[in-house]
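Take a look at these structures.
What follows is a pair of complexes built around chain A, which joins chain B in one and chain C in the other.
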Partner chain A sequence: MLTLTLILLPIIAGLLTLSTKGENAKVIALVAALVELALGAYTFFAFVPDATSQFGVSYNWIASAGIKFSVGIDGISLILVSLTTLVVPFIILSTFQNNYEKASIFYSLILFMQAGLVGVFTAKDAFLFYFFFEATLIPIYFIAAIWGGENRIKVTFKFFVYTIFGSLFMLLALVYLYIKTPTHSSEITALYETARLLDASQQGFIFWAFFIAFAIKMPLFPFHTWQPDTYVEAPTAGTMLLSGIMLKMGTYGLIRLLLPIAPLGVKAWGTVAVVLAIVGIVYGSIIAIQQKDMKRLIAYSSFAHVGLMAAGIFSSNLDGIQGSLIQMLAHGINVVGLFFIVEIIQQRTKSRELSSLGGITQTTPQLTVFFIIIMLGSVALPLTNGFVGEFLLLKGVFEYNAWMGAVAGLTIILGAVYMLRLVQKSMFGTTTSLTEGFEDLGLTERATLLPIAVLVIVLGIAPNIILKASEPAVSQLLSIINK
Partner chain B sequence: MNAIIALSLFGITNLFLGFLNNRKILLPATLLFVLIAFGLNLADWNHEYYWFHNMLKTNNLSINFTSIILVATALVVAISRGFGNDEEHTHPAEYYGILLFSVVGAIMMVTFQSLFMLFVGIEILSVAMYVLTGSDKRNLRSNEAALKYFLMGSFATGIMLFGIALVYGATGSFDINGIGNMVNQAKLQDIMLNPYGPILYGGIILIFVGLLFKISAAPFHFWTPDVYDGAPSIFTAFMSTVVKTAGVAATYRLLSISFPAVYGLWGNPLVYITCLTLFIGNITAVYQQSFKRMLAYSSISHAGYLLITVLAKTPTTNSSILFYSLAYSIATISAFAVLMVVSEAQSKSGKPDESFTALNGLATNNPFLAFVLTVSMLSLAGIPLTAGFFGKFFIFADAFSNVSSLFKTIAVVAILMSTVGIYYYFKPIIAAYLKKGDLEKIELSPIYKLTLIITTALTILLGIAPDLVKNIF
Partner chain C sequence: MSLAVLIPLFPLIGFLINGLGFRRVPKSLVGVIGSAAALASFACALSLFLNFSGQPEVVHIFDWITIGDFNISMSFQIDQLSLLMLLIITGVGSLIHIYSIGYMHHDEGFGKFFAFLNLFLFFMLLLVLGSNYVVMFIGWEGVGLCSYLLIGFWNKNTNYGNAARKAFIMNRIGDLGFLLGIFLIITHFGTVEYADVFSKVAEGGYESGDKTLMYITLLLFVGAMGKSAQIPLYTWLPDAMAGPTPVSALIHAATMVTAGIYMIIRSNVLYSLSPETLEVIGWVGTATALLAASIGLLQNDIKKVLAYSTVSQLGYMFMGLGVMAYSSSFFHVMTHAFFKALLFLGAGSVIHAMSDEQDIRSMGGLRKKLPITFITFLIATIAISGIPPFAGFFSKDEILAHVYEHNKLMWVLALAGSMMTSFYMFRLLFLTFFGEFRGTHEQEHHLHESPIAMTAPLMILAVLSAVGGFFNLPHIFGGHASLATFMEPLFAQSHIEAHAPNESTEKMLMIVSVIAALVSAAVAYVMYVSKKAVPEADGTETGLQKVVYNKYYIDELYDTVFVKPITALSNIFYSFVEFLVIDLIVEGIGKLVKGISGEARLVQNGTTGYYIFAMVISIAVMLIWGLRIFILG
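For the complex of A and B:
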């Protein structure tokens, strides 16, 4: 029942927001997001760390086809539900400085989006998963297309068509599996069972169908061409939703569907996937180093990070998957913080170009501290949240193949290069005409960045809070995979 | 089956209502007639009846098809707005009358038991449509469309009639079940040894071609864009929903009852025809500048999706075709309804502007119309939360239920083409929400608005709970 509330609350709040006018919209949205956060926190602490699915409900949805509205939270879902409920209030808070046209629609779309995301992460029925997976696309499309930058129409359209193209392949694979189930059931666990009956070539087909869908969503090399443009053109709140939460739908899908359904496919093609992921890490990092636009730089860094998560997942061992889960959480928090700082800088200077910035730190001790903490989290310095994830991920990839692990390890060096460059070029050095008289943080800005910075450090010091919660579920998943 | 008789009488009544010199009464009267027919149609539910000396047969499947046809007709009538009040439309009563007559033809196409009735039904439907297509008589394109439709349509019916004659010659029967039995027996013998074999097979292929022409499957689709584009929008809406549904239903009825034994004969070509239809319909739609013409190509592509499940012939094919037809019809009528009012508001030198640019900035002053348009486009594109998604879903499920590995290929083609579909279905949405335009607020009559609310609500409702109608089908 709790899960259902987590899904319904943002929908109801979204409808409420839609019916209000002007300033009230953002307040209602924030309150709703905070209530959702409280519920999310309650869920997190009430969760009993074992492999079962909890707080669930199940209704017949399309009885004639054996499709159920079945949701629940297990250890893996828990991490992502926590991420979603945690990040959305920050996203809403980060927009408090802006006055959007048609604000009520804007905030209601964010809340609808949140409902869809929670739905994806908690669905226990494959078609329900697909349903939410696609449904999230509609709000984010409109958020990016209506409130985005100059090229938004073309860019967001590419994004939309590209991702739908991928998910249609997933639909194909799901329908294929569903027809093969003896009782025409689409419960994800039933699909696990059915997949055992398929031979290697059939599983290969399913592997690629899922892979294309999730690889586009994350995105993995070479399916990433939609990503940098969309991140840059979308309004910052949209970019945060995309990079902070939405790309995790892809990695979550790999863990939830691809690995357990097509283990033979992973055996046959997993190496290709890991290689693609690692190519993405190196390629994304190198391009990030070259970037002049702050938002684009973070977009490529996000692309590199997600490559490492995918590599860890495809190595299909405990460390790899656990690492990817905690990294999803950490990356979600960090990237929202980073994009928010970019937004702050852009609002004050009207520029995101690294070459025209610099010297901001002279007038902004607070911003500097927060920026550096979040940057260090992103670089994966020990005692920050990024470290735990990257360490486990690299360990996982090493276990899979030492050479690949070595190449993937470049991410630590390259990541430090582009992130330090980002901070140095924008914050340090001499002031330019644009950065002169740069004001330090206001109240809502501080209220957003402080918790993020705290989380960066707390999760770095005590990652076990997270790891303990997800470990039983991941072990069970691995036993299904290796059966 | 009383619906047929009633509708014929109502059609004549409509012609007489024209003498009343009161245009306002026509629309509600016609709507009432259609609703009465709908009730009469449902009266036969759960019974199997033969009518008129075994010429027609009603069962639940045919009643469902008839219901969809009547619902679509009612919606089209509701957005007809009395066919305008200008000089060119001095005879609205006749249009309503002809519309009802054509529905009689459509119902015969979905209930026929004898091939005679199939032919007569197609002719009644088609002749009425030829007239309506050309009803915008001072418009050159409308005239061209009518002539083109008439010439090609009568040629196609001629081919079909020839096919029916050949099948009769080989089997000695017009009854579809009788033909089915004979075909079963004929199949047991070697085609070369059976003197009637070549005649029978030739006949089947010719009938098949005639029917594919009616549902505008490629490569028999060439008339579609010009005719759909040239006809007045309201009749295009009628053609692309009622006529299409009736055509698919007739094709399915004939193939599944009379010719399942010779599946290889029509199944193999149909695989290519399906893929070709999907390909041509979707790819060509991408290049259209006119919203109306895009909808014409989209109707070709939807014929392709429907053929997939006809081809798969699984136990669920019935309900899949029904659901898809319903979802498609509702969304298409919504789209045409928006197109009609917008194109008239944007008309240049008296001619309605039917290009995508006419929709620019629709959302600014007409948020309701923009929303209706968005939902209908999302449904046609098959995006979740709309009925169109489940339509496609059931069809893919059918495709995979068939053991033949060929269906995997077809499904992949269909998926790729769905992606292409998203591209062109989003053009109107982008125009409406993201482009700048100077469209004033458009006033809608209450019944028009109500119709749009019904179609939109139904599209979303069926997208969330498809079981509401799926259980009936």
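For the complex of A and C:
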């Protein structure tokens, strides 16, 4: 029941927001998101750390076809539900300095989006998963297309078509699996059983169908060209939703569907996937080094980071998957923080170009501290949240193949190269005409960045809170894969 | 709570107070808090040392990262090695904190400075206290962060910012090696705890030359190359002199840069079974010692000379490790911490008096105006040059004696390096403190001895530099080699003992190296005092001199071989591969699909938004209703 509440609450709040006018919308949205956060926190602590699915409900959706509206939270879902409920309030709070036109629609879309995301992460029925997976596209599409930058229409269209195109492959695979299922059920666990009946070549096709869908969503090299443009053109709240949470639908999909349904496919093609992911890490990092636009730089860094998550997942060992889960959480928190800092700088200076910035730190001790802490999380300094994930992911990939681990490890060098450049060019050096007299953080800005910075450090010191919650579910998943 | 936990806790608290209260804590209190934190740690470390039972003790604090059966715990190990390191770090650290109260007094970032300095101590203490490789890695990267923050302390200056960035990135290159070494340890031994790893090695019947151990030790050594500035990862350290001088003394001379040596001594069980790695370490150390010393011969910036000297001295320590003279290397870590910290602080006192001038060509004759600085600097110079009975003589000769037994050529090169050391140090001393003043009138007018907060640490370090050698007085001088004896249990699991030469050879070697040092010093005296030579202005050097003065153009080489190609690659990826290869294919496929569906014309006539809207709606409808028909149909 709790799960259903987590899905319905944002929808109801979204409808409520839609019916209000002006300033109230953001307040209602924030309150709703905070209630959802409280609910999410309750869920996290009420969750019994074993391998079962909890707080679930199941209704017949299309009874004759055995398709159910079935949702629940296991250890893997828990991490992503926590991420979703945790990050959305920050995203809403980060918009408090802006006055959007049609604000009520804007905020209701964010809430609808949240409902869809929770749906994806808790769906226990494959078609329900697909439904939510596609449904999330609608709010984010409008957010980007209405409130985005100059090229928003062209860019958003590409993003939209590209991801829809990918999802069709998934739909194809799901229908195929469904037809093959003797019990006439589309429960995800039933599909795991069905997969055993399939031979290696059938699983190979399923592998690729899922792979394309999720690889586009994350995105993985070379399916990523929609991403930097979309991140740059979308309003910052949209970019946060996309990078902070939505891309995790892809990594989650790999864990929830691809690995357990197509283990033989992974055996045959997993190496290709790991190599593509690692190519993406190095390629994305190298591109990030020379970026001039702060937002685009972070977009490429996000692309590189997600490559490491995918590589860890395809290593299909405990370290890789546990690492990817905690990294999804950490990356979601950090990337939201980074994009928010970019937003702050852009609002004050009207620029995101590194060449026209510099010297901001001279008047902004607070912003500097937050920026550096989040940057450290992002370059995976030990005792920050980024380290735990990156350590486990690299260890997972290293166990899979030591050489691949070493190449993937380049991320710790290249990550430092582009992130330190980002900080130095914007914050240090002498001031420019744009950064002269830059004002330090205001109240809502501080209220957004402080908890993020605290989380960066707390999760870095006490990652076991997260790891212990997801481990039983991951172990069970691995035993299904290796059966 | 164990005292061991308090040791890093004090600086952490100091960091939090001065960091969170930046610009709110009164200036008079900032320095007191920072220094008190360091002193409190020193007191705890001393108490632990005095009450040490001789048995290693592991203090478990909490489980940090747990995956299945594999656990990385946050735990500390108190044993001979960590205790000695603790004393050096907190002892020298305290002195440098106190010194900074005077040195940084006029800086507007005073509070920030002490916060960073305390944070550095915290991570450095974590580095040496950790009972496993991952906790060491926390400290390892943490001190790198503080180094970055402090090199770029005056971040308005872009060159300083670049130096900070370079230090961090070069260290990260090393850290990747370290990290891969840790992964290899985990996959091979299933644990990262020192005690478990070493006992598995000791009881596992590993042959000398085992391949796995060789890879592990080599990878860990890559980490050491970065942190301890060895070829090829040394070029960040001279640039790191951009930081305030106390930072150069504490981080870039006395403590952080010796982390690599600490790590290898800590892992001596692994290294002793990896002769190939040891050979690599020995030669890398030798090459670094020589190269850096030769660059030091011609530098004119007081801090740059000391920086190259540090790189060179670290080379000697690695040379010692390479011949398994672990305790001798450690002895040199200790004496070097005394005299090099003293040299840097002395240089700071000079720079302070000279109104931030660092070029020794503009100095001269300072001994009259800065008597305490001069005397203490002189003691440190004698100590580093290896002239008895000061500290450096004993520690360096111990290393040289072991090197002699191992490889005569290496010994000859080491001797050549030590001659250079003596020369560049006395050159520095003479140019700075002797002869006539060569600076401006304004500078001359302003010359003054530093306040007591700065001179007191100088004097304490001078005493230590003078008598530090007696901590490990060798048997031939009637000593008991106390330090080596104390450290012996650390090497119990390493079955191979380093060979020390017999007494007569040892005496002969000592005489040779003392003569060499004295000759160099005399040559420097003749050149810079008797003949009053002053190094030429920049740009007038020729031939080999020019090459050396420009540091063999290694920075330029790295720029050409690494930085520029990666930059170019970045641009090619972004402007060519990204848009003209990948995206064009994607767009092509997209156009193809659109063409087939006959949508292209409509999309292009300006009503795109409308069509996308229609598409969104139809997808939603399809999902909710169409799905049903699709499945059932």
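Simple rule for what comes next: the second predicted complex is superposed on the first by the 483 of 483 C-alpha atoms of A that agree within 3 Å, B and C clash if a C-alpha of one lies under 4 Å from a C-alpha of the other, contacts with A are read in each partner's own complex, and residues count from 1 in each chain.
Please note the rule applied: a contact is a pair of C-beta atoms (placed from the backbone, for glycine too) under 8 Å apart; a residue touches a chain by one contact, two chains touch by 3 or more.
Being a predicted model, the structure only gives us computed values, none of them experimental.
Within the superposed three-chain model, A:F131 lies in touch with chain B and with chain C [touch as defined at top]. Within the superposed three-chain model, A:F96 lies out of touch with both chain B and chain C [touch as defined at top]. After overlaying the two complexes on the shared chain, residue contacts for A:L168 are found with chain B alone; chain C is out of touch. In the overlay built on the shared chain, the residue A:Y178 is in contact with chain B and with chain C. With both structures placed on the common chain, the touch criterion links A:A65 to chain B and to chain C.
Put simply, more of the residues of chain A are touched by C, taking chain B and chain C as the two choices.
Touched by chain B in one complex and by chain C in the other are residues 62, 64-65, 127, 131, 134-135, 137-138, 142, 145, 153, 157, 160-161, 164-165, 175, 178 of chain A.
Residues 62, 64-65, 67, 127, 131, 134-135, 137-138, 141-142, 145, 153-154, 156-158, 160-162, 164-165, 175, 178, 222, 224-226, 283, 286-287, 289-291, 318-319, 322, 359, 361-362, 365, 376, 381-383, 388, 391-392, 394-395, 398-399, 402, 405-406, 409-410, 412-413, 416-417, 420-421, 424, 427-430, 461, 463-464, 467-468, 471, 475 of chain A are the ones touching chain C in the complex.
Taken in their complex, chain A has these residues touching chain B: 61-65, 127, 130-131, 134-135, 137-138, 142, 145-146, 152-153, 157, 160-161, 164-165, 168-169, 171-172, 175-176, 178-179, 205.
Chain B meets chain A in the complex at residues 319, 378, 383-385, 389-390, 393-394, 396-397, 400-401, 408, 411-412, 415, 418-419, 422-423, 426, 430, 433-435, 465-467, 470-471.
Residues 22-23, 63-68, 134, 137-138, 141-142, 145, 148, 152, 155-158, 161-162, 165, 168-169, 172-173, 175-176, 179-180, 183-184, 186-187, 566-567, 569-571, 573-574, 577-579, 582-583, 586, 590, 593, 603, 608-609, 612, 615-616, 619-620, 623-624, 627-628, 630-632 of chain C are the ones that touch chain A when the two sit in their complex.
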